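Below: a set of structures, written as structure tokens.
Below, chain A partners chain B and then partners chain C, in two separate complexes.
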Partner chain A sequence: MDTVKLYLKSMKMLLRSQMQYPASFIMQTIAQIVMEGGEMMAVLLIIDRFDTLHQWTGGNLLFFFGMMSVTFYLTECFGRGVTGAFPSLVRSGHLDTFLLRPRGVLTQVLCHAIDPRRIGCIGVGVISLILGSRQSAVIWTAGKALLFLESILFGSMLILGLFLIEAIFCIHSVKSIEVVNALTYGGRSACQYPIDIYPRPLRILFTAVAPFALVLHVPSAFILDKPIYSLPGFAAFLCPAAGAAFFLLMYGLFRKAMTYYRSTGS
Partner chain B sequence: MKAYLAIFRMRLKMETQYRGAVIGGVFCQMFFGLILVALYRALYAGRPQALPLSSVITYVWLQQAFFRMVLSSDGDLADKIRTGAIAYDLCRPLNLYGYYYLRAMAMKLMGSLLRAIPMLVLAILLPDGWGIAAPQSLPHLLAGLFGLLLGLLCVCALENITMAITMRTLDSRGMQAMLNLLMMILSGNILPLTLFPDSWQKVITLLPYAQLLDAPIRLYTGEWALSQFPRVLCIQGAWIVFLVALGLYFWRQNQKRIVLQGG
Partner chain C sequence: MSYIDVQNLSKSFTLRKKREKGKLLREKTEIQALKEISFSIGEGELVGYIGPNGAGKSTTVKILSGILTPDGGSARVGGLIPWKERKRHVQRIGVVFGQRSQLWWDVPIMDSFQLLRDIYRVPEDQYKKRLSNLTDALDLGAIMKTPLRQLSLGQKMRAELCGSLLHGPGLLFLDEPTIGLDAVSKLALRDFLKEENEKKGTTILLTTHDMEDIAALCSRVMVLGHGKKLFDGQLSHLLSRYDTVRVIEVRYGSGILPPLPDCCRMERNGENYRITYEPEKMPTAQLLSLLQGAGEIRELTAQPQNIDHMIAAMYKEMDL
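Up next, the complex of A and B:
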């Protein structure tokens, strides 16, 4: 509980410091909106030209797109310490100070940074979700709403876990190796669209290795009443747990990597 | 002139230094290319379009291969402006515009060639329906290559204008992100311009962003016949003249009222 309080306090402080330059903040937030809006426009243009994609209607596609952008950018907003700041923490030796304090390293890394500009991207994602659910005539029930939240929560854990891979590499090599992010960003691009349109190797990659399909697509398909992988209804509630499992696995590896951590000394 | 050539050569050499980054870049770009090709294959399944699938796939591969040309890659100058180190550049007996124009050109040219050649070889080796298609004919290939060269001149001029704006605003991240995004969308990187609504295409293919990769790719795939080649050249040439003139004007104005950051 204490940790939560600490986290909230850091967030408040970070937010205040970010707001010291309001003009720059607004400009960058608008840039983010335009950026994610551009991605959404690509989806809209594809719908305009092709109408449907296999069994999915345009509204369905917007819903999938919204799920991915809300989940991904929520992670980038609150997980900034892992997704963006970590390599420079290692390079500058700043991480050393974290080792001395009576809190977990990952907690402190998460408390270290926040990226409120992402609110722009999240907003675009929310609009896409609303449009998508309207156009697909989704009938919301309490169960579906619960599943929706579960999917976003576990999806964020999955994405945070994927970014931890970069952090683990970074601990060993100091330099950040961007290639390891191919899976993360590739997953984001690919899984903006439902998994079942892809050929088998990509399906396996994003189901078994980086389980975007289990965490985001299975629940979304259930909400849209078009189950994929011919799974029974209750499976939609179980599958997202794969995100938590992935995160725990990466967290374990991260802790192990930290035992090899050697300060850069600068 | 010799000084400018030396700058160009130096930058070319610098780009070849980071071989690890090149291999990583090729790997990422191939992976993204495959995902996009898979997506377009799925979209085309059972709903034929006027535009053949093979030409969309070729479009995707050429876009991925020359990705490096699209994004502005020179972070140095932005740093120099922020820290005030640009004062050293102002002391050089060179035209600053020419200096940065050639720097950008060398980086884009070498950076993208180093990535494009292995990528295109890999894309040719991919199985039928996944890989890049051969050009319509040899003249089409040559026309495309020539168009690419002019497109490069065009994009360097554009980038220099962005930099001139950076000089005025100091913290340019928001601005730069937006201009980069405009570039990504309107050059056909996010979605091939050939898939935009037909009525939009009439306008966006005239914009400078489309001159970089879109026009050369259309010449390569034969979507534009060779008889269109002079028209493309005229559009590209006109943009180059206009953008260079505008950039030169901006840079000259900036140099008159430059404020150096101390520190």
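Up next, the complex of A and C:
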């Protein structure tokens, strides 16, 4: 509880210091809306050309797209310390400072940065979700709403876990992070669309290795009343836990990596 | 019972060299930053820790403050193993790196202090008391609402010190705290540290290249070179071994100084002569009579050897 309070206070302070440069904030937010809006246009274009993609209607696709945008950019907004700032924390030796304080390192890394510009991208995602839900005529129930939140929460943990791999590489001062980026950003781009449109190798990759399909697609399909992988209904509530499992695994490795942390000279 | 107890502490780093042509793997070189050093420091001591760049001073401080894990040996600080019981350990220590800020860059230092209060879970009444004491002692009142980035180096260092003491640590590690400070700031900082040590009994380990810091503050010094402890004892003992040279400056109204024996080094600048000699080989009285015989002396000053020269001589003898 105490940790949550600390996080909120840090966020408040960071926002205040970022708002010292309002013009830059507005410009960058607009730029991001344009970028993410462009991605959404791509989905709309597909819908325009083909009425359906496999079993999915245009509304369905918008819903999948919205799920990914909201989850991914929420993570980038609040997990900025891990998703963007970490390499510079290591290089500048700022990580030393975190080790000097009686709090968890990951807690402090998360408290260190926020990226409010992502609010634009999240907004695009929300619009896409609303449109998708309307066009697919989703009948919302309490169960579906709960599943929706569960999916976003565990989805964020999965993405945070993926960025943690990058952090671990960074601690071991390995620079070739392209492999990880293929999973993280590749996963984001690919899994904006439902998993079952992809060939088998990609399906395996995003189900068993980086389980975007389990965390985002299975619940979304359940909400849209079109189960994939012919799974029973309750499975939709269990599958997202894969995101938490992935995160915990990476968190364990991260802690182990920290014992090898060698700091930088002064 | 000593407060800090270090036994045979070792730490090495592996450096990866750039890959050579035709080789698949990069070559690795291992650097031994610390080679089995041992020492102990009692509660309330103020110990200076010196040595040339790259000697392993910062590595020691980083291990003792829980940032790095050593390869071998043991260390206990107040009964705790720093890198194993990190959170409990750091609650009781304060660390200031002269070249690395621990406060937040863009916000008023007051806000940084409040966040530190939450991070260290300092009770409100204690926080208020300490903050008002430190504000007075470090003269921070006027800059409390200024963001860190707008402060001068001296102001920054005072703010850093305040931040590192808010949770009331019994042990303070200072890594080159006076680096880049002007004379006034340096003196003020020294006074503050002396008081902190004498009145509050805070144990202090001070790493520095500034020998005046050491001379002003520390009775005990440890010298580190190439990862080994070379000296541990009183500063005066250390200096007496290298304090072998004296300098006399003399200005003549008329007359020319004849050549002096080989054991004296003479530099001439117009009428001014600067003579460096070793009293053991050339007794001062004998030198003075030589000088007086050469002509009419206008001015004569005798100086002790510069402390930096002594340290340089020591490093040279120790082959650092």
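Criterion: the second predicted complex is superposed on the first by the 260 of 266 C-alpha atoms of A that agree within 3 Å, B and C clash if a C-alpha of one lies under 4 Å from a C-alpha of the other, contacts with A are read in each partner's own complex, and residues count from 1 in each chain.
Just so we're on the same page, a residue touches a chain if its C-beta (ideal position, glycine included) is under 8 Å from a C-beta of that chain, and two chains touch if they have at least 3 such contacts.
Just so it is clear, the structure is predicted and the values come from calculations on it, not from any experiment.
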A:5 touches, of chain B and chain C: first, second, both or neither? second
Larger contact residue set on chain A - chain B or chain C: B
Touched partner set for A:259, first chain B, second chain C, both or neither: second
Touching partner for A:102 - first (chain B), second (chain C), both, neither: second
Contacts of A:49 with chain B and chain C, given as first, second, both or neither: first
Shared chain A contacts, counted only where both chain B and chain C touch the same residue: none
Chain A residues touching chain B - in the complex, by the definition given at the top: 21, 24, 27-28, 30-32, 34-35, 38-39, 41-42, 45-46, 48-54, 177-179, 182, 185-186, 189-190, 193, 197-199, 202
Complex contact set, residues of chain A against chain C: 2, 5-6, 9-10, 13, 16-18, 20, 93-94, 96-97, 99-103, 108, 259-263, 265-266
Complex contact set, residues of chain B against chain A: 24, 27-28, 31-32, 34-36, 38-39, 41-43, 45, 47, 49, 171, 173-175, 177-178, 181, 184-185, 190-191, 195-197
Parts of chain C lying in touch with chain A, wherever the complex brings them together: 13, 58, 62, 65-69, 83, 86-88, 90-91, 93, 95, 97, 99-100, 102, 104-107, 111, 115, 118-121, 147, 175-176
